[in-house]
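Each of the next two complexes has subunit A plus one more chain, namely subunit B in the first and subunit C in the second.
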Partner chain A sequence: MTKTSLTTRQSISGLLFSLPSGLLLVTLYALPMLCLFLLAFTDYEMGNVVIKWVGFANFNQILKDPVFSRSLWNTLIYVAMVVPISIVGGLLIAVLVHARTKTRSFYEVIYFLPVTSTLIAMATVWQFLLHPKLGPINSILKLLGLPAQNFLGDPTLMIATLAAIGIWQLIGFNMILFLTGLSSIPKEIYEAAAIDGVTNPVDRFFKVTLPMLGPTTLFVLVTSSITGFKVFDTVAVLTQGRNQSEVLLYDIYLEGFTYAKMGYASVLTLVFLLIIVGLSAWQASHMDKKVHYA
Partner chain B sequence: MHPNFHQKFTQVPYNMGMKSQQALKIDSVVKSYGDVRVLDSVSLEVHPGEFISLVGPSGCGKSTLLRIIAGLEAQDVGSVSIGNSSVDELMPKERDVAMVFQNYALYPHMTVQQNISLPLEMSQLSWMQRLFFVGNFFSKTKLIKDTIANDVLEICKSLGLENLLKRKPAQLSGGQRQRVALARAMIRNPAVFLMDEPLSNLDAKLRIHLRNELVELHKRLKATFVYVTHDQSEAMTMSDRIAVMDSGKILQIGTPNELYTSPDSLKVAQFIGTPQINLFELTDAKDGSHFWGSATSPLNLNKKSTAALALRPEHLIVEAHRLPTCDVQSSAVISRLEDHGSEILLHLAIDGYANELFITRIPNLGHQDGFRPGERINVGFKLDTALFFDAQGRRSV
Partner chain C sequence: MTWRFVNNICLKLAAHSVLFLGGLFMVLPFIWMLVTSVRPPHEIFEGSLLPWPQEFYGWGHYQAALLNVPLVRFMLNGVLICSVILLVQICVAVPAAYALAKLHFFGDKALWIGTLAALSIPIQVTALPIYIGLATAGLLNTYFAITLPFFLSVFAIFLLRQAFKTFPDEIIHAARLDGMHEFEIIWRIVLPSYKSTLAAFAVFSVVAHWNDLYWPMIVISETRLAPPPLGMMFFANAESGSDYGALMAGATLLTMPLVLVFLLARRRFIEGLTMSGK
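Let's look at the complex of A and B:
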């Protein structure tokens, strides 16, 4: 038996221990990413026997594809509505709910319910609620003397309607995150503030609460943005992309699974991933400097 | 100028008579949380410029009392006056007090400078002047802000913080943080400083150091300090007077020396002083006379109600040359020696008190006076150094 040094033996056993999880990481995350990257340069269609290398053809197609630019635009509008409203709203509700003592858990459950339900199932409920003729929301509009709206058919309303449902689902989740953040602010800080003259609730919010929630807000911003970009279920159930209401994931789904153009779908997925990773990295690096960690 | 400026600086120091003047008066304050009575009719008068400590075991109500003075909690019954006028209806910021917290309670997102200037900004700038960016367009904003910055710099210089102004609390050591908290309290020039165990989060060495700094600071500011601590030695070394609290009541108020030499009750006697006072239950003979240890003659007491006597460690005499001065002697066995450098503590098993050890201190003269564990010696005391207590723990004089 050859004499190996202690460090060599330790690194060998270390590698052996990390091998199982390393294998899982490679097969579950790295390999699919690699496949995706390679497929993006091919004309692969599901069921094809021959795969042809097409170089950057798929990438060029993106630039000329009106559906892609439309779905990118729609997604950006959707995110621009969902992210700010669900964050500011979630924070507002969290501050209000946090001040409750006896009814706090009641409000927590109420606002969190949409998070626990499946969006697909809930989407059908929304479909009924928003129905142009039978829906209660339109009945209310009529009662108020307002014209009925085709929320899920009118191109000018569709993205806003989808965003409203997205906000409805996300706001409770953000509220819970903000509630956790609020609970972790030490009581003494508020007491010191009370003695220092920070007594007005608005002052207290901007001088103490909001800065102390910095790390929570950053987390909520990143997760909400990702959730926003990933909008799919509501589109798939409620509009199926009709009247030019496609979003990024729905476009990918159409190209890949309806039209079976896997090569092109791979490029779209790459672009989608780049957007999400880029945005998250930018948010994290940009905000990290301004955020205080206790 | 601060509204209380004249009142504050024309006050006569408390030791120059003028009983009617007080910085702080607490009158029969009662506070309960649910069924638990935390404060049970507590009254206390603090003279201007006095350093008073509230000391007691945890849960005795000392912190609650401090928070009631600050206005962070409301009392159920009773009233609190600061500088001769009631503050019961005033919010914390209007009470002319500043508080220093155990965990500093600095704003972690603000620099040292912002932390210290906040109280002044809140009181001297209107909400419009405080607005981000927009506030700078008001003519006086810059002038006020410059004055505040100057004040902050002055205070920081006096506490040795001038090089840390741009740091955040996370970048400071515990001692520095506590100095920033002090600076934040000092900047408002309050009538009363309230301190809630400000040193207990620091390590032992720094604690002693900051203890001295606080005493120096108190001398310099001539302000009134109310200092809460569970550490009796902290209270003993820093305060002009100490209020010993237990179970929501003030047991005794007095100077450190009064509490040490002449405690009203057994609880106070046991709480003040390290090592703890030695307590001897007295054995009653049938005729009502009391015996101590293995002594054959009864104690010459004319107190019928005496149940126990207590002796400070320095009053339990073991040195051979001092024993003849003792009124009572007993036999004892040295159980353990504890060398503290300048002095030695002897743990004694005294005859007649099984399963109990008593402590005496003797100066360490280098030759240890020949005391060794296991050795049998004589121990005694002078009657006039002993404190006597009745069965209820009250001092019997």
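Let's look at the complex of A and C:
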């Protein structure tokens, strides 16, 4: 077989093999993205026959839309609670679990359980746990002589409650990522540190472990933030956005699919896209060659 | 020496109490779900705090849940949807990943850049235009509509391309000299070496789509087509919080399959879920 025929054959095979992926990439990503950008400049609503070009009107409108600013603010508060707590908590649990020998897999299972479970099903369980009258959490508050709380109805508590559930679901995931990071730290570094006089476990953690976990921490930070900005399921089941508890994705869902205001929802989607792509790009620019793909 | 010993014991005790208390927060919802699902209605209504039912209610709530709501149907929908998605994803991604890793062809750079760009675009972004397309074609409320956006997994292409890169070229050359076609080389020579990568991806894909709510909520309004999360939501809305016994029984049944698989294949499961950040 000659060299040219081999390369042509390879070239044809390559084209054929990537044809389905290429076509799907165009229909499921490229074209929808193009449509999204174009829709953002129109007043398109589902079922409209005539589509009118409205320029930047939709963009101007989001600046004046109280529901949008509220949902963005709520999402930011949610992320600001979920991300630090699930990272610090996940790291703490990982360090403690890493030091265990006999009980390690037991704790791994316990903490990972919420990650594997169907969030919608567990959200209804949380709804019951937090129920103002029937829920055990309020029963305990009453036993302690504290007033019962309407966790999923009180506007000052709703986002915090959703964040607590978010943390519950995410902490085990972050724990596993940190455990992988911890296992990849060479033992020699600890030995060298011990020779240099770092023997106290707390010193050892801050002087050796934490710096070595840098790439893992960056990865966890970005993935946790993305997960946080995507909060939707718990809102859809537990609050449905009532009492001003809308979040970004829920607002997009309402505008686009409930009210069928496609043009306006496209602009909201672009805001969401900007956040997600921004986080991914920030991660990519910081990770370069030291990536730890867990 | 003794001081150090005491110190060690204290540290261990502190570690275990933190882990135990945190663990309690993790499993309490599961325990309460199970306990409530076998608790008689009057105990639920009184808001009993006992971690066990005073009188065992039996399978009453499970019967109620299964009779009132097509839970089995939801789970079968879930199995069907997840299987179709996974199968198509593998059939589409494996050849493309091999081509990107081992072949030179027209457009290979474009496909790779497109794949990398698409990696950071979640379904919530493309949902709107894809929905408009499906609605225009009259394809809402079909299994096709639930599965279509996931036929291409750019993550699978990325993951497998990186894996296939490490496959020795000599073996591929030898197979070519033996007259094997590239297509055969992929499935019979290359892929068998990456069974664990494929298994990890399968876990990732199945868990993601078994648990997905956003997309099914958009394209499905008929109960008979609902996958587990959407079914659970219909169920919860219909009960509007009145019959928590049946709801907890339903939640138990819908959560069980994945939790069981997790307990049986813990390593593989964790590997699959943590190889990307969701």
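Here is the rule we go by: the second predicted complex is superposed on the first by the 254 of 294 C-alpha atoms of A that agree within 3 Å, B and C clash if a C-alpha of one lies under 4 Å from a C-alpha of the other, contacts with A are read in each partner's own complex, and residues count from 1 in each chain.
Here, contacts are C-beta pairs under 8 Å (C-beta built on N, C-alpha and C of every residue); 3 or more make two chains touch, one makes a residue touch a chain.
This one's a predicted model, so the numbers in the text were calculated from it and none came from an experiment.
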Specify the outcome, clash or fit, for subunit B and subunit C once both structures are aligned onto subunit A.
fit
With both complexes superposed on chain A, which partner does A:Phe173 reach: first (subunit B), second (subunit C), both or neither?
second
For A:Phe128 in the superposed arrangement: first (subunit B), second (subunit C), both or neither?
second
Touch test for A:Lys207: subunit B only (first), subunit C only (second), both, or neither?
first
According to the stated criteria, A:Glu188 is in contact with first (subunit B), second (subunit C), both, or neither; which is it?
first
Looking at the overlay, what does A:Ala236 touch: subunit B (first), subunit C (second), both, or neither?
second
Partner with the higher number of touched subunit A residues, subunit C or subunit B
C
Touching A:Ala30 in the superposition: subunit B (first), subunit C (second), both, neither?
second
One more residue to check, A:Pro136. First (subunit B), second (subunit C), both or neither?
second
Check whether A:Leu6 is in contact with subunit B, with subunit C, with both or with neither, and answer first, second, both or neither.
second
What's the minimum Cα gap, in whole angstrom, linking subunit B and subunit C in the superposed view?
7
Set intersection of subunit A contacts, subunit C complex versus subunit B complex
293-294
Looking at the complex, which residues from subunit C come into contact with subunit A?
11, 15-16, 18-19, 22-23, 25-30, 32-33, 36, 44-45, 47, 49, 91-93, 95-96, 98-100, 103-108, 111, 114-115, 117-122, 124-133, 135, 148-149, 151-152, 154, 157, 176, 181-183, 186, 207, 210-211, 213-214, 217-218, 228-230, 232-233, 236, 241, 244, 247-248, 250-251, 254-255, 258-259, 262-263, 266, 269-270, 273-275, 277-278
Would you tell me which residues of subunit A are touching subunit C in their complex?
6-7, 9-18, 20-22, 24-25, 28-33, 35-36, 39, 46, 89, 92-93, 96-97, 99-100, 103, 105, 107-122, 124-129, 131, 133-136, 138-140, 143, 168, 171-173, 176-177, 180, 201, 219-220, 222-224, 226-227, 230, 232-233, 236-237, 249, 252-253, 256-257, 262, 265-266, 269, 272-273, 276-277, 280-281, 293-294
Flag every residue of subunit B that touches subunit A in the complex, lowest number first.
70-72, 91-93, 97-99, 101, 103, 105-110, 118-119, 122-123, 127, 130, 168, 170, 184
Which subunit A residues qualify as touching subunit B in the complex?
186, 188-189, 191-200, 203, 207-208, 211-212, 214, 292-294
